[in-house]
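One chain, chain A, links the two complexes that follow: it is found with chain B in the first and with chain C in the second.
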Partner chain A sequence: MSLAEPAALPVAAAVPPRLHIVARFSARFKVSLPAYLLLLPSLVFLALFTYGAMGRVLIDALYQRATPKAPLRFVGLDNIAAVLTDPAFTGAVVNNLIYAVGTAIPSIGLALLFALALARTNFVTSALRAALFLPVLIPMVAASALFLFIFLPNVGLLDYYIGRLLPVVPNWLGDPDIALYAIMIITIWKNAGYYMLFFLAGLQSVPEDVMEAAHLDGAGPLMRLRYIILPELKPTFLFVTVIAILNAVTQVDHVFVMTKGGPSNATNLVLFYIYQQAVEHYDIGKASAATLLTLAALMALTALSFRTMANREGGA
Partner chain B sequence: MLFSRRLMLGLTMAGTLASALAFPALAGEGPTEIDLFFPVPVDGKLARDMGTLIKEFNDGHPGIKATAVYTGSYDDTLIKTRASIKAGKPPAAVIMSANFLLDMQIENELTNLDSLIAADGSTKEKFLGQFFPALQGNAVIDRSVYGVPFQNSTPLLYINADQAKEAGLDPNKPPQTWAELTDWAKKLTKRDGDKVTRWGIAIPCAYDYCGWMMETLTMSNGGRYYNEEFGGEVYYDTPSMLGALTWWSDLVNKHKVHPPGATPGPAVSTSFISGNAAMMMLSTGSLTYVRENAKFNYKVAFIPRNVRNAVPIGGASLIIPAGVEADKQKAAWTLIKWMTSPEKSAWWSRATGYFAPNMAAYKTSDMVDFLNKNPDAKTAVEQLDVAKPWFATYKTVPVRKTLEDEVMLVLNGKKQPKEALVAAQKAADETLKPYNAETSLKLP
Partner chain C sequence: MKLIDALYKDVPLATRNEITPKLGFALTILLALAWLIPFLWMGVATLRPASDGINLMAELMPSLKPTLDNIRDAWEIGDFPRYFLNTTIICTGILLVQFVTITLAGFAFARLEFAGKSLIFYLFLMQLMLVPVLLIVPNLRIIAQFGLYDTLAGVMMPFFASAFGTFLMRQAFEAIPTELEDAALIDGASLFQRIRHIYVPLSIPSFSAFAIISVTSHWNDFLWPLMVINSPDKRPLTVGLSVFTATAEGTQAWGTIAAGTLMVIAPLLITFLVFQKRFISSFVTSGIK
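For the complex of A and B:
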């Protein structure tokens, strides 16, 4: 739009608008044509691989077979109702909520702590930043494979060191009470370094003169954190929180590799539930319905957070 | 200049791609091109061995050009095969987990192989007669052949012979009954106060493995797990399975000779290799891994019985998906027959550690030499006499999972065996309901 508007304005001014709406549109279109042409390749691919797929999911969610050999028939919202009443789905939603909260808060907290500690750039902090960022570079699947060995009962690294201190060695991934938390530890380990980057960037925007003034007025480090740094970091917090929650729903590679949702569905998350419906149950209707529900929740969340962000920026 | 040259290059490439996509038929006239989807369910160099095998086939069959396509695990292979059937471009042949065949047949996704067998002038009986009888159950559905056994396994009892001797047990007389096994496990468990430093026995329980081990224990207890003739029934809430699960639970919760919780297969084999578990029940497919990594003497034995000696088979069969064109079907059939011939079957068995489904493979001289050098591989073959088919029902995986979820709760001491099996039966019946509605409960 910004490309088109400066050129389009004189045209609109020269012709009386209400008489030549069509002409105005075609003129506008002519001027913005290059922009649309430039966007076309991405639009084509988005349509093919994103919106097309979403449309397909929408259609698939409305159809179901009554018995294995019966033909597909239109069932309206039955699939969505079936998903909502499925205890496995509600279980997965609860797990996912625990997982989202339990990974977002600690990893954001750690990330802030790291960023504050390493805000100044020198040789030592650069090295430490690189070290903390390293887990981000390891693909989730590879990290999961590593942690499989770390969590191995009796012979794994964790039991080798911690097991000596505990009276009974826990079966980290094999006990339904512990497995979800074991999975969460990996997510925190992997994401804290990534979120640290955003906070480091956010800290750069804290005005130096305000900090200096506060310093001169006798504000201690805690006061400066509470009244200057944290308020300045609010947009960063908001952004990172959204990213963290999106990650909690979309990153389930380690569940695939380490537990397959087990034991006894203890680590079953929503995305894995969708996979199970589509692949194990071969129930495309139900899988599509669950996808739609997840998509709707994610979109609502994103829209809400962007609105809050826009409001904040508008108000400032 | 640079820009326009790049543009030209890009346009040329795009053009080539487009014409390749648009006119695939023009490239034809040569050999029949077919794809073979193959999974790699165990660690090792299987993918390279498959490349070697297919190259040898292509060199010997100028009219056919086969390409081996690696498709991940057994589950991934099912997903990819189903996706390509839906897209209208199924591969000509797939190595498919043997217990997925029934489910695929119910969904009309398999080619009936009877006519291809008849076209060779052979009969079903003669064709199937080449393979161990235990393997035929998973290949035949409604008296028609849908799969050809390719790589197969059974569960075995592995024993750390050094630790057994140290505990005053004779590894040459391995435990044959559950009572003897319980006794061995108690003697082999080492404790430091309340803490166990060495487990007597470990049995894997992760999705897939857990169901297979439950079938193993149930069969050894005289049970059946599922209806071999009909895909709409499983026998979870039965005395034979109750006995099997109670014994497993007792090993964990009462005798405390088995690690608590659900332990996946690789964790069990690592425990065994590191000397942390003195015995384990695991697939014959792990034999090569144990042979190459154990730094102690080990012994393999039949799975001990409570009522009778019986074990399920595991592994995969070759199938032709539905919707493959006639010429590709014929080419795939040639490939399948070649891959399951005695010589190739024997070669694949030695390369991978699976046993060879073709009985004649064990009469080839290379195989006789191999078995003389590795007598432990013989135990797996001998156990085939008491082997039976792998459970396969309508929606095999979800039906199996209902049991596995409950077994995991029992092994974690959170549920009693009886209530767990009642819950598993209820959930499985629910999953099987639509199939029964169409078959056993569809009345005139």
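For the complex of A and C:
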């Protein structure tokens, strides 16, 4: 018995299966090839502008220039630290949180009211649905142009009809304490009709016979809403909340047109901050670091919402 | 009373006399009217002559001497025909390329088995959350590297692949009976012929739903074209309108702003009013764009 013999055995035994795996793999690849070719055009663009872009952000966030003309150098987490200690960024995050809560809750509440009131289809409800849906269609920039006049001090629509009833006429967009809320009104006006559609779709799954049975048991309209309709709409609520939060992060066109983040950063939101860093200050490092932080927050939200959805399905 | 009876004729008799739903309905009517006020003002202000002065600008009662001067001014100050053309090119270009990419990818997911299917599926799924507008900074760098800065192609490119469209087409293709394809297979039709002559013609409703969502969202895009486009003659409508508004705001020309806004949103509003049902059902499927 030489030492070589026992070692030779396993090697000899291992070679054929490995060849076998390669052959199987290439056979599978051959079978899969048509599918890969069909997916290729989409994958190229996904690779460039979604995953490539994410890689790009990761790398760009690690580099910085000392002066605008200086060469790039590796700075590690300095950009992230610089963003996190920038009062403009933390201010934008706080604004964005207020903005997200302050737009999501009223627009979802209104959407539910609209859907409940307009669940039946006839000519009146169709017309009302269309009226509530119109703002969804128009560009945020166009909505901003209209609301610029609505909020105009003294001669604007709001002051002309309502402002004169108030003791002091507020400067809707010029007062740092009010401007963010004025911006929120536009978002609520624009999005409530969109969320209404999902509630209208969700309401169709509320069983009519259960509603009737509840009525026979003496449940009034509010009781039926509380114990039958709302539980049935839970998945719709979750879904619409996720969209509303996404919108709160991604819709900043009106900030650009109406306030440019002012007065004194009172309406600055995270995406507008990113835009400012990249376009106005040419600071790609900081813009990338802020993008990275926003992406991380959104992905955490996604994971959370998927988990909640999975739990709910598992529980039910 | 007759009108109310007509509205409530399909409500179960037992609950027809409840008050709370009627209060909710009344509140909704009031709010729907309030929702229309900005549009109403836009129409009234567009037709109001400048001679009415700034103090009557907010008046919602139409002027007795309507004029088209504001529309003419807006048309002359802003380069709207050019903006229209640019937006049309952008929306059509994106849509045409998307039709190809989503048809092919949707077919692969619906009908083919391949290694790594679920992994690739998740790669697509993730795109739904990684909204392109968040990636404006890196995407601008990529577009610049391709030499597409300040071009319409640069505005279009990040949207050429659409996860939402792919899922929509996958769903549509899965609903088509395989017997149809088998018959074509026996007749010797190639893969592309089967997609072209069986799957695509039977999925037109899904294509049109996707077209509505895609065109409306890119018609309304602002921040991304604002970053990519530098030359005034390549601006899309939204960017053009924002520049126009900033200029006219300085001179307090609110009638002109109203007219400009009206021109920008009129095409979408008219299309919506004509194809209302189709728009609404498409937006319901859109969920996350």
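In this section, the second predicted complex is superposed on the first by the 277 of 316 C-alpha atoms of A that agree within 3 Å, B and C clash if a C-alpha of one lies under 4 Å from a C-alpha of the other, contacts with A are read in each partner's own complex, and residues count from 1 in each chain.
Note that a residue touches a chain if its C-beta (ideal position, glycine included) is under 8 Å from a C-beta of that chain, and two chains touch if they have at least 3 such contacts.
Computed from a predicted model, the values in this text were never measured in an experiment.
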item: Chain B versus chain C as contact partner of A:V279, first or second or both or neither; value: both
item: Partner chain(s) touched by A:V155 [first = chain B, second = chain C, both, neither]; value: both
item: Chain B versus chain C as contact partner of A:K69, first or second or both or neither; value: first
item: Larger contact residue set on chain A - chain B or chain C; value: C
item: Touched partner set for A:L137, first chain B, second chain C, both or neither; value: second
item: First, second, both or neither for A:L39, with chain B first and chain C second; value: second
item: First, second, both or neither for A:S264, with chain B first and chain C second; value: first
item: First (chain B), second (chain C), both or neither touched by A:G174; value: first
item: Interface residues of chain A shared between complexes with chain B and chain C; value: 148, 152, 155, 279
item: Chain B partner contacts - residues on chain A that touch it in the complex; value: 65-70, 148, 152-155, 167-169, 171, 173-177, 260-265, 276, 279-282
item: Residues of chain A touching chain C in the complex; value: 28-29, 31-32, 34-36, 38-39, 41-46, 48-54, 56-57, 60, 110, 113-114, 116-118, 120, 122, 124-126, 128-150, 152, 155-157, 159-161, 189, 193-194, 197-198, 200-201, 208, 212, 215-216, 220-222, 239, 242-243, 246, 249-250, 252-253, 256-257, 271, 274-275, 278-279, 284, 287-288, 291, 294-295, 298-299, 302
item: Residues of chain B defined as touching chain A within the complex; value: 75, 78-79, 82, 103, 106-108, 194-195, 199, 205-207, 259-264, 266-267, 270-271, 274, 276, 394-395, 397-398, 401, 404-406, 408-409, 411-412, 414, 431, 434-435, 437-438
item: Residue ranges of chain C touching chain A (in the complex, touch as defined); value: 6-7, 10-12, 14-15, 18, 20-21, 24-25, 27-29, 31-33, 35-39, 41-42, 45, 54-55, 57-60, 100-102, 104-105, 107-108, 112-117, 120, 123-124, 126-127, 129-142, 157-158, 160-163, 166, 191, 216, 219-220, 222-223, 226-227, 237-239, 241-242, 245-246, 249, 254, 257-258, 260-261, 264-265, 268-269, 272-273, 276, 279-280, 283-284, 287-288
